[in-house]
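Read from first to last, the chains carry the letters A, B, C and D; within each, the first residue is number 1.
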Amino acid sequence: MAGNTYGQIFKITSFGESHGMGIGVVIDGCPAGLPIDLEFIQSELSRRKPGQSRVTTQRKEEDTYVIQSGVFEGVTTGTPISIYIKNKDQKSKDYSHIAESFRPSHADMTYQEKYGHRDYRGGGRSSARETAARVAAGAIAKIFLKKKGISIHAGVTQVGPIKLEQDIQTIDWSNVEKNIVRCPNSKVAEQMEEYIMSVRKEGDTVGGLIGCIINDCPIGLGEPVFDKLHAELAKAMMSINAVKGFEYGSGFNAINMKGSDHNDLWKNIDGKKTTASNFSGGIQGGISNGMPIYFNVAFKPVATIMKDQDSITNIGEKTTVVGKGRHDPCVVPRAVPIVEAMAALVIADFYLRLQTDKL
Amino acid sequence: MAGNTYGQIFKITSFGESHGMGIGVVIDGCPAGLPIDLEFIQSELSRRKPGQSRVTTQRKEEDTYVIQSGVFEGVTTGTPISIYIKNKDQKSKDYSHIAESFRPSHADMTYQEKYGHRDYRGGGRSSARETAARVAAGAIAKIFLKKKGISIHAGVTQVGPIKLEQDIQTIDWSNVEKNIVRCPNSKVAEQMEEYIMSVRKEGDTVGGLIGCIINDCPIGLGEPVFDKLHAELAKAMMSINAVKGFEYGSGFNAINMKGSDHNDLWKNIDGKKTTASNFSGGIQGGISNGMPIYFNVAFKPVATIMKDQDSITNIGEKTTVVGKGRHDPCVVPRAVPIVEAMAALVIADFYLRLQTDKL
Amino acid sequence: MAGNTYGQIFKITSFGESHGMGIGVVIDGCPAGLPIDLEFIQSELSRRKPGQSRVTTQRKEEDTYVIQSGVFEGVTTGTPISIYIKNKDQKSKDYSHIAESFRPSHADMTYQEKYGHRDYRGGGRSSARETAARVAAGAIAKIFLKKKGISIHAGVTQVGPIKLEQDIQTIDWSNVEKNIVRCPNSKVAEQMEEYIMSVRKEGDTVGGLIGCIINDCPIGLGEPVFDKLHAELAKAMMSINAVKGFEYGSGFNAINMKGSDHNDLWKNIDGKKTTASNFSGGIQGGISNGMPIYFNVAFKPVATIMKDQDSITNIGEKTTVVGKGRHDPCVVPRAVPIVEAMAALVIADFYLRLQTDKL
Amino acid sequence: MAGNTYGQIFKITSFGESHGMGIGVVIDGCPAGLPIDLEFIQSELSRRKPGQSRVTTQRKEEDTYVIQSGVFEGVTTGTPISIYIKNKDQKSKDYSHIAESFRPSHADMTYQEKYGHRDYRGGGRSSARETAARVAAGAIAKIFLKKKGISIHAGVTQVGPIKLEQDIQTIDWSNVEKNIVRCPNSKVAEQMEEYIMSVRKEGDTVGGLIGCIINDCPIGLGEPVFDKLHAELAKAMMSINAVKGFEYGSGFNAINMKGSDHNDLWKNIDGKKTTASNFSGGIQGGISNGMPIYFNVAFKPVATIMKDQDSITNIGEKTTVVGKGRHDPCVVPRAVPIVEAMAALVIADFYLRLQTDKL
């Protein structure tokens, strides 16, 4: 039973392969009456597109899109919105060498065994190229959330050993798009860029961390007991390629804290119910409490490296996976809009779910 | 739109409140023909029940259960299995002092604002008492998985600063039930117990970490692209009360690693496709690869403490939440069976989902 | 993959068997803040309960219920509402004779083959006793709809050859509960009752028709393209035991009509958009148009008869199914509240779904 | 909450409008390893396409399609299959006259009020042009079912007063494609064709009936209690444009029958469990019993007629809807492949659901 649909009310279904005809997404459940900013969708796709800088893969895709349905005279009609992005720079010959080999820490083996038949070209469906669909759908979700006054910001806070030491709640997000690493601090960004370039030179790759904050959510987003807001955020983030960990609010640091330090005391500040601290990360009992929601997402180093690696074939024979092809030395700069997109999809869905919870 | 159901095929719906009549769960989609071990279900519930040791809450609940449907002559019939656990030691007078106050870092405020009307007794639906339903359903899932040769083990690997330094893949799990903290190492368990008791004496609480491993899964569990195995595990774990973070395989440590170190090289060992290392945590492209699946779950310190705390009321007036009532000084010892139960539910569901993926 | 849950937002999960401990239902997604009229729920259950008159089965069940969760101080809290109805007059010995035989036109054979193991007592899960769960949940839905000004009426319009010849839109529904057949016309009701009693005397059974009307729905209920309002009504009605056909508006008669006769012309009557005729049955393009919604549901004769019938056993050997046991000679009188309950569940669900369709 | 997805495991999401760019469908959950017969898909689309004969609309669409994903080297990969059909002969100017008017018995008014904004061109999303998506997806389902030995046949059995008087179980289906009405009897087909042409000449339209049979299903398709096989068939059929009624097996005629006549007695015929009669329509307790499954679907006369009709505008002012545009005088000839497609989707889905019901 497949899993290419996300969301309960604001629901997206993604399709397409890395080296097939294209990537697409159908959004079902976007409310009618929403004016669609076509340039904004393109700008979001461009933040994710390959070949955008020297710290990303050199595959060239403009990632221009077309809306095939659901928008009439610039405004959503309540019917499914289908967005399609053609693949252009497929070069599928590049991948013939892995048709019958399993690249280490890729999905080649698991797809082969699960399905018995796979599109091996560039990883097929398992490629992060699929995330273009998420970014396109996420752009629609962002347009919706903007109408509701909600904003989402993400940025790179760590690349390998280079770390931005700053409380995520105090970050000035306006800097993120000013450097190619998408770190909110330009000094640290420079170090990160330098580090990524040195790793690339080695033919190697490196992991990183993305922090994300969601501001001005209404109280009440998230549903007890299984569909807690942070549980859905976790699922959404963990579903992004290369993600290995998720934490919100105090996160893993909560282990070391005592309750008396960790508890966020309630205050009435100018008639607004506010917590003095925010270790809860804006979520209590799985439901947004009106404070900023923030979380971290950990990414592993990209599995494609420019080094030869021992491996086996479909039928278990020894082989060598040769280090070639185009790839990202570090995935996090391009993953920033993906994290934002998935966050937007989660929040938009819960925003709509909230509308039916109370008489 | 509520969220009290979990799973796609092996599907559970949980109900009940901390101080209502009882807690229950309906399991729909458990395959017919499964013999049910009634004592095993009780033993699982007993691992979670309150009052089981000096490091847990002193609320006394035997947590005996009754199967109301779906099992005939000891065997599942394919119809919904309803399990019900009566509440006995409710003492709801204990909670009248918070009927109109918001306990810090509890769900009182968010439930109040979301629903306009809440069962404030012991947190009502937001109480971790609800997890009894998960453990009961998880026991059925475990019985199913055992038939399929799959085993699940969890244990406490950190309490506050006390940490078990050991690769989770090398742990001997037979020790877990031999100490009241449920740490697989008896020496470390003693230190943890001591620490918890000292924190309890202060009227305070502390967080912790649980590690979990799933062995002998078939290849193919998990579904691209949104329903990746680790994404569902993340959601399932994050939906447990007090959880703040999730990581699988290399987890957050992956940030610091290079691809050439992190990649798990394929070997053919005695005809079995095996990886030399297992930073992938048994999952590649969101799909199990036959290696052990392992992950960590971080818990915050319990919000109920024995100290007075400043807060506000429903209508925003200043108040003091008095430190009284029964609670756990550290949640992780009782959370071990809950983590296992949620893991079992995730795996059972994907096991069934896998049956339809290939012709 | 089981199917014991109905609804998308106002969602019910039913459980229990005819001769097990009881029948229950969990309602997830009922909005918080709804005052629950406990007596109304009982009165609905009593309309469906067995043994209520001489035209029904003589099994005696009071069908008293208990609400186990989700209602606090008489008002819904937004958490799952669990309702449980104990079985009392099970007499399961009555059914030992069919433990290994297939009753004709019952579900014995299909359950046996599908699941390999079945609760044969009184049909187990396939028994219409399950509909008690629907009526209980439907009562909650009706309470919700009443708040929204929506009313639902059903009645028996045919039993065997005895037919009420009247446009369903002109019926006075206040008579339905005044006779044991639940026909809105007392004269016709008498004939129906007489007919049913004569059939009962023969040890036989007979089918019937129920008409249902839903008044004062807002415009907009129902969703293109698969979840059309009448498509969901059809599914909900066809899911009731013994139902063989469904039609709405002009129904099967539409086959013989021409478009120029069948089209409902729009008028503006006192500022309200109204159709001159209503062959559309209040639904256009799958969406309610504000006019009365009406439909018919056809029931087959009950399969349990007081005559011996040739059949086979589990393993295909010839046998005779002896005509004994308690049963209804005609199912429609007791099915009236079930039809209403399912209609209420459909409408409540679409009412909530509508809340998210427009910005 | 929108409803453009159908199915639980074999799941389709449809998108597109009558006069937009095109119509498409994403199939998620089709098992991997299925060889796809591209010509068969085209032949199915051609059976539905407009302009195919003189009894259909004169809109010209070749309805050629492209598979955008999910099929590699001619075989399904288990990833979403996206099929796209471009619109060519849109002529959207034809529809400007109804931009602000409500056509009688169309969905113009309900879409306008539900969404506040609608694509009025040719009915937009409410147009039966959407069914091209269903036929494309249904073709994939048919390919899957053929592998499993299951066949589906439908044909026109009534047009206005012209009726084929024959038990659907005795029909020779090979004649259906030999006449433009798609009636299995060529004599009756001639009368139907003549009748349709006479109605067309009047500028009017007429309804009809389609019968459908599904042969060689395994025992066990369909799920208690809400997802009964016939309940899903009813929903699927009722979701087709212009359908007003559904019945299976004995259908509405069951009302007049007695249990002793209606019951299908079990026989063991050559080791196969068989019923002597088949009033059950191959389904008992909502589950297929191995006998032929058959049902009828009633269609209303098409709402677009070549006559002027009184109506109102968006804002309730009187207007006249002029009788022009292209349309079908009778919808049933083109609806035959749509009925088959929806039946195939239902059966394929239940076939997969069945795989997880028993240990």
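Criterion: a residue touches a chain if its C-beta (ideal position, glycine included) is under 8 Å from a C-beta of that chain, and two chains touch if they have at least 3 such contacts.
Values in this document were obtained by computation on a predicted structure and should not be read as measured data.
Student: So, comparing C-alpha centroids, which chain is the farthest one from subunit C?
Tutor: Centroid comparison gives A as the farthest chain from subunit C.
Student: When the contacting C-beta pairs are counted for B-C and for C-D, which pair yields the higher total?
Tutor: If we tally the contacting C-beta pairs, C-D comes out ahead.
Student: So what's the Cα centroid distance for subunit B and subunit C, whole Å?
Tutor: 39
Student: Go ahead and note the Å separation of the Cα centroids belonging to subunit A and subunit C.
Tutor: 46
Student: With chain centres taken as the means of their Cα atoms, state the distance from subunit C to subunit D in Å.
Tutor: Distance between chain centres, rounded to whole Å: 26 Å.
Student: Specify, in ascending order, the residues of subunit D that touch 2 or more different other chains.
Tutor: Within subunit D, residues 1-2, 4-5, 8-9, 14, 29, 32-33, 78-79, 114-116, 125, 224, 352-353, 356-359 contact more than one other chain.
Student: List the residues on subunit C that touch subunit B in their complex, please.
Tutor: Answer in residue numbers: 1-2, 4-5, 8-9, 11, 13-17, 20-22, 24, 26, 28-29, 32-33, 66, 68-70, 72-73, 75-82, 84, 114-119, 124-125, 352.
Student: How about subunit B: which of its residues touch subunit A in the complex?
Tutor: Against subunit A, the touching part of subunit B is residues 1-6, 8-9, 14, 102, 104-107, 109-111, 113-116, 125-126, 130, 158, 160-161, 199, 202, 204-209, 219-220, 222-228, 230-239, 244-252, 254-260, 262-268, 271, 273, 275, 279-281, 284-289, 298-305, 307, 309-312, 316-318, 352-354, 356-358.
Student: Per the contact definition, I'd like the list of subunit A residues that touch subunit C in the complex.
Tutor: 1, 9, 29, 31-34, 78-79, 144, 147, 224, 352-353, 355-359
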